[in-house]
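Once you've had a glance at the structure underneath, I'll fire off some questions.
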Amino acid sequence: MKKISFVLLVAVLTLTVSYGQKKIVNLPDLPGYVTLKCDFHLHTVFSDGNVWPTIRVGEAVRDGLDAIAITDHLEYMPHKDYIPADHNAAWKIAQNTAKEYNLILVHGTEITRSMPPGHLNALFIEDANLLAVDSVWNVFEAAIKQGAFLLWNHPGWKSQQPDGIPRMYDIHHRLIKNGWLHGIEFFNSSEYYPLVMTFCKTHNLAVIANSDNHGVISESYPSSKYTHRPMTLVFAKERTHDALKEAMFARRTLAYFNDMIAGMEEYAKPFFHQCITVGKPYLENDKNLYFEITNHFDIPFTLVNGPAGAPATINIAANGVTRVVLSKKVTAPLIYDVKNVITGENEVLRAELKY
Amino acid sequence: MKKISFVLLVAVLTLTVSYGQKKIVNLPDLPGYVTLKCDFHLHTVFSDGNVWPTIRVGEAVRDGLDAIAITDHLEYMPHKDYIPADHNAAWKIAQNTAKEYNLILVHGTEITRSMPPGHLNALFIEDANLLAVDSVWNVFEAAIKQGAFLLWNHPGWKSQQPDGIPRMYDIHHRLIKNGWLHGIEFFNSSEYYPLVMTFCKTHNLAVIANSDNHGVISESYPSSKYTHRPMTLVFAKERTHDALKEAMFARRTLAYFNDMIAGMEEYAKPFFHQCITVGKPYLENDKNLYFEITNHFDIPFTLVNGPAGAPATINIAANGVTRVVLSKKVTAPLIYDVKNVITGENEVLRAELKY
Amino acid sequence: MKKISFVLLVAVLTLTVSYGQKKIVNLPDLPGYVTLKCDFHLHTVFSDGNVWPTIRVGEAVRDGLDAIAITDHLEYMPHKDYIPADHNAAWKIAQNTAKEYNLILVHGTEITRSMPPGHLNALFIEDANLLAVDSVWNVFEAAIKQGAFLLWNHPGWKSQQPDGIPRMYDIHHRLIKNGWLHGIEFFNSSEYYPLVMTFCKTHNLAVIANSDNHGVISESYPSSKYTHRPMTLVFAKERTHDALKEAMFARRTLAYFNDMIAGMEEYAKPFFHQCITVGKPYLENDKNLYFEITNHFDIPFTLVNGPAGAPATINIAANGVTRVVLSKKVTAPLIYDVKNVITGENEVLRAELKY
Amino acid sequence: MKKISFVLLVAVLTLTVSYGQKKIVNLPDLPGYVTLKCDFHLHTVFSDGNVWPTIRVGEAVRDGLDAIAITDHLEYMPHKDYIPADHNAAWKIAQNTAKEYNLILVHGTEITRSMPPGHLNALFIEDANLLAVDSVWNVFEAAIKQGAFLLWNHPGWKSQQPDGIPRMYDIHHRLIKNGWLHGIEFFNSSEYYPLVMTFCKTHNLAVIANSDNHGVISESYPSSKYTHRPMTLVFAKERTHDALKEAMFARRTLAYFNDMIAGMEEYAKPFFHQCITVGKPYLENDKNLYFEITNHFDIPFTLVNGPAGAPATINIAANGVTRVVLSKKVTAPLIYDVKNVITGENEVLRAELKY
């Protein structure tokens, strides 16, 4: 039969990114490092997601990210009746678009097993198809051989831990002993797991925040509940794929979601102080002095447990100037708990306002 | 080799509709008919779109639509390296979700040829794969055999008509002569083609508005430019698939986009008068009388060219009450042009306000 | 000295209402009655408010109210160094604007005393200056002589009741015994007092919601915390000043604030059922049936404590269609607590969904 | 008769500013100067405005201004039946609030005459009551004696110039000759007058933008039409009243409204270049190179009339990163017209993008 041929004049734009400009997510750098905003956990039609890979690039650019990884499930492919398995497909498809839009695209995949060990992302890999093997330990080995950063996803996910409490099983300890586990998600989608802070401190792992999105990002974030998508802030020597990788293995991260920051005090403390400027008093009368806290960045901060006589709570607006009226009777240093900067399982940052 | 098997605990929600409630698009019914809001032109990953078919259902439900058709290109499949051709796939995948969410899913496809005849949607078909034949006339014949409603898409699309002006070619006249052409898009995506009004009047065709969306609806509508997605309003005897089909073949439609209505005066006139209520004067003084126009619906109206002495322009807000101050010197009837209700190529609705 | 005279060409618009259209607050009428939306407690520069009286008219029109009362304090006038006392001034100034904008303006004032009796509004009065007398009982007598509706404001206001719990003192009982007290604020500004429900039930008083606004309404409502300003819904025989007055004295009211309704079940129950329509099942399978609840109005409802096996909670969106999936095992009637319709101090409306 | 006395427990907050935080209007400083955002034309109930003076302070703080002047009409007092004339009242009332909120309050008044000379604001005065004299020249003299900055308001206001075209009359020339006229409004409320650019260039006058607001700022700005209120940007040596005054007399201003900047190239050019950063190319292929323009500030820019082969238009988003794809065939420097930076009556800024 004659081959069907058509003269097509179709030039439909298939890239929704074409009309989007990159938003600036306004967060400070740390001295010596540039702050990269990243989402290392995303799905597409190539596993159980509902969008084409280029959509993930477009979303990331509009949301002001510097890097993403598409991490389709290796072992869960509900669309396989329509789409044959190629675990590198999403990465291959998204690659050129990422380059054109100056987005760092990390090659990744999600190892999807029952608990233990649960789900883990292998990031910075070279060929996901080589990871489609039976024994989970063999998968880990193959990933590490490719230089992977192994990330334990949603360790307290109720489908795998019905009480919502993350637990380290023997296999996790073996991974750690081998130096094969590098990070854990503290924030996943809209959940978070306080215990992850202890795991990360004990075993020197990176604290991570990812969206794990399956649908359309803009239908989930921002919303009436969430001010922005989850992001891992990575403090890299420069804005390149390799510098990002170096920083990840060096555990220079903070997890950022819904106006909360979580991570090691080593990064959280300077990050907070880079955000705010405390002005000199601009007015003084018999009883009070007045000063302003300026926050040029996108994170608001809630300060609580101030010293006796000082305001008990100070709400520092994002991109705003906050006025503080302070009684002259207060002589103690203005040390507060920064309620939304989490530095441990039951611990928040203590910070001093020096006016 | 041993089959790879995993105990999966994956129960990921793959339906973004699950968290959405249906918005009410507040438009009046016409006497004897229910107004169905429809989008008959949508793409998915099964041609050159970027979303999985269930996403189209979720979007439609949230946007308050009653019916959609997914109309992937028959002849243009840029994802074919990854997704083998099955022109019924999107319809099969979306069907159950549509039922569960009480959305009417019309089986359709887009016949995608160079101009003439350009692109045409075949709606209410039974098997799209049977339409994948070479001769375009054979495609039409096969579609009509399945009972299709044939819709000419974006007749003034600049990729096919560089001057943007729709033209009827011989093949269109042959379709019309055979009674095979049933409607034309007046609005497509963000474009519109005034001349379509003349084509539809001359040849008794339905006036249609569709989004032709390839990406994510919520990234295009609403936006700072467009208040809502394009919809075809169909005046059906009841809210069922078959009543919708009957109404379409009977040409009982209006095209609705960006606060504009386009269609035959037969429907546009009663539609406008169902939207507004003109109150009796509530105040009168020596010079003026005051009355209110109440519009309980989602379309604002712009009335221009009022009679001498009356307000030249009246902006009737959507979901609002508009106050009119009328000089008592005005004795002429309050007949206005309703600027955003298009009833012809160069014609808008003339309507009288009876207070 | 010669009188200064200038030829002025000033025609500055001093009415901010001029550019505003009336929004429709979409709430149902009750059988036999029209629902009037009212705010009976507002301040201006003529006591301790910060806006000129016409601003109150403009705000009310834009917010879709039918009636307001300006109720400046009789006894608290912090602006008196700049504005000499005339307790009728605000009413006189706002009157013509109200007429032109079809807003019912109720003549009122706020009797402002320490507790007991606290603050009371006298509404539907004729001359506020006659109420500027020393003995509070004489003020009440003078107000009643003018036909006033007496409304007890914010009975649990912490400046007057430090524990926030309203208390009836001897003077309140005397007022009630005389038939001189007609209503109590359940909602005031952003506060509410559950105990008021008991007072109103015991003594047959109208349940009221007012904004008590001193600044600019749009700076307080809507906000990230409050969806709309407090309103008293009055079920009147028609939309006139006198019908409003009759309905108030007949206690036909509901208090409405922040998506909550409070009042007697006699009005709350039919009001709820006027808001929603429960559809017939549109889909049924072995396990479940599916039906929709349509709410064409501006109040969402939260239904809790459903029967065993049925959804525990149903969130009925405002202006939306809510899908319910019901197990066929459920045979009990679908009776729920409507969490945001308050019918007693510790009581919410019980309502049945009949599909 | 016995004096009426009440024990009041009224502690009502009369300051709407109390709950507001200062927004940061993100605009760059110029080398050596801090950019102060100012509105020098505002009305209150003390002439024909509709708000109490403290409201103006609260609005300004929330809107991120550094300085305002309240400029009630000297000769037009429609509220005088209720409020006796004291032309310093608004300033006296607002003063303490301004201090507490760190807002610079400039003492001012509006000289309100028919054209010529029309309306002029006297700013930085000491006693407005001394300006309430008959002869307009005497008013000017009295103002100058107090050290006033004289500002000609809305010179093309149609109530005084029916054709909307500003005209310099003899009295204006006399003012200029005396060195008594210091600035002219280019933007007033929502109007602007191109010819003012020529007047300011010819006579070395400051280019000014003011709101001239009579009602409530938040009801006018932002709106669907206007992105922000009009502001005069003043480049001062420091953020103090006296440094502001020095900068005004030195004519170091730009007028800023609705995403437009107007003023002398001397300030407009460095202001534009402080806003944007052009990155090095991040991608290059056979045909094109790709670079990004980063704009960390609140003003978008529209660049038009690019060199042949380069993008004709570049829209630089505010607070965003704009991607530019440039054909390698382009060898000319990338010089564009910055459409929304007005440097003359018929002239916009020419600027080069150096990547």
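A, B, C and D are the chain letters, set down in written order, and residue numbers restart from 1 in every chain.
Keep this in mind: a contact is a pair of C-beta atoms (placed from the backbone, for glycine too) under 8 Å apart; a residue touches a chain by one contact, two chains touch by 3 or more.
Just so it is clear, the model here is predicted, and its values are computed rather than measured.
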item: Labels of chains that are neighbours to subunit C and to subunit D; value: none
item: Recurring contact interface, reference B-C, options A-D, A-B or C-D [over half identical by residue number]; value: A-D
item: Averaged-CA centre spacing for the pair subunit D and subunit A, given as whole angstrom; value: 41
item: Inter-chain centre distance, subunit B versus subunit D - centres from mean C-alpha coordinates, in Å; value: 45
item: Two or more partner chains touched - positions in subunit C; value: none
item: Chain pairs that touch, as defined at the top of this document; value: A-B, A-D, B-C, C-D
item: Subunit A to subunit B touching residues, read off their complex; value: 2, 4-16, 20, 45-46, 48-52, 54-55, 58, 73, 75-76, 78-79, 82-84, 86, 89, 93, 112-115, 132-134, 159-160, 214-216, 218-219
item: Touching residues on subunit C, where the partner in the complex is subunit B; value: 21-24, 26, 64, 99-102, 282-283, 290, 292, 294, 296, 315, 317, 319-323
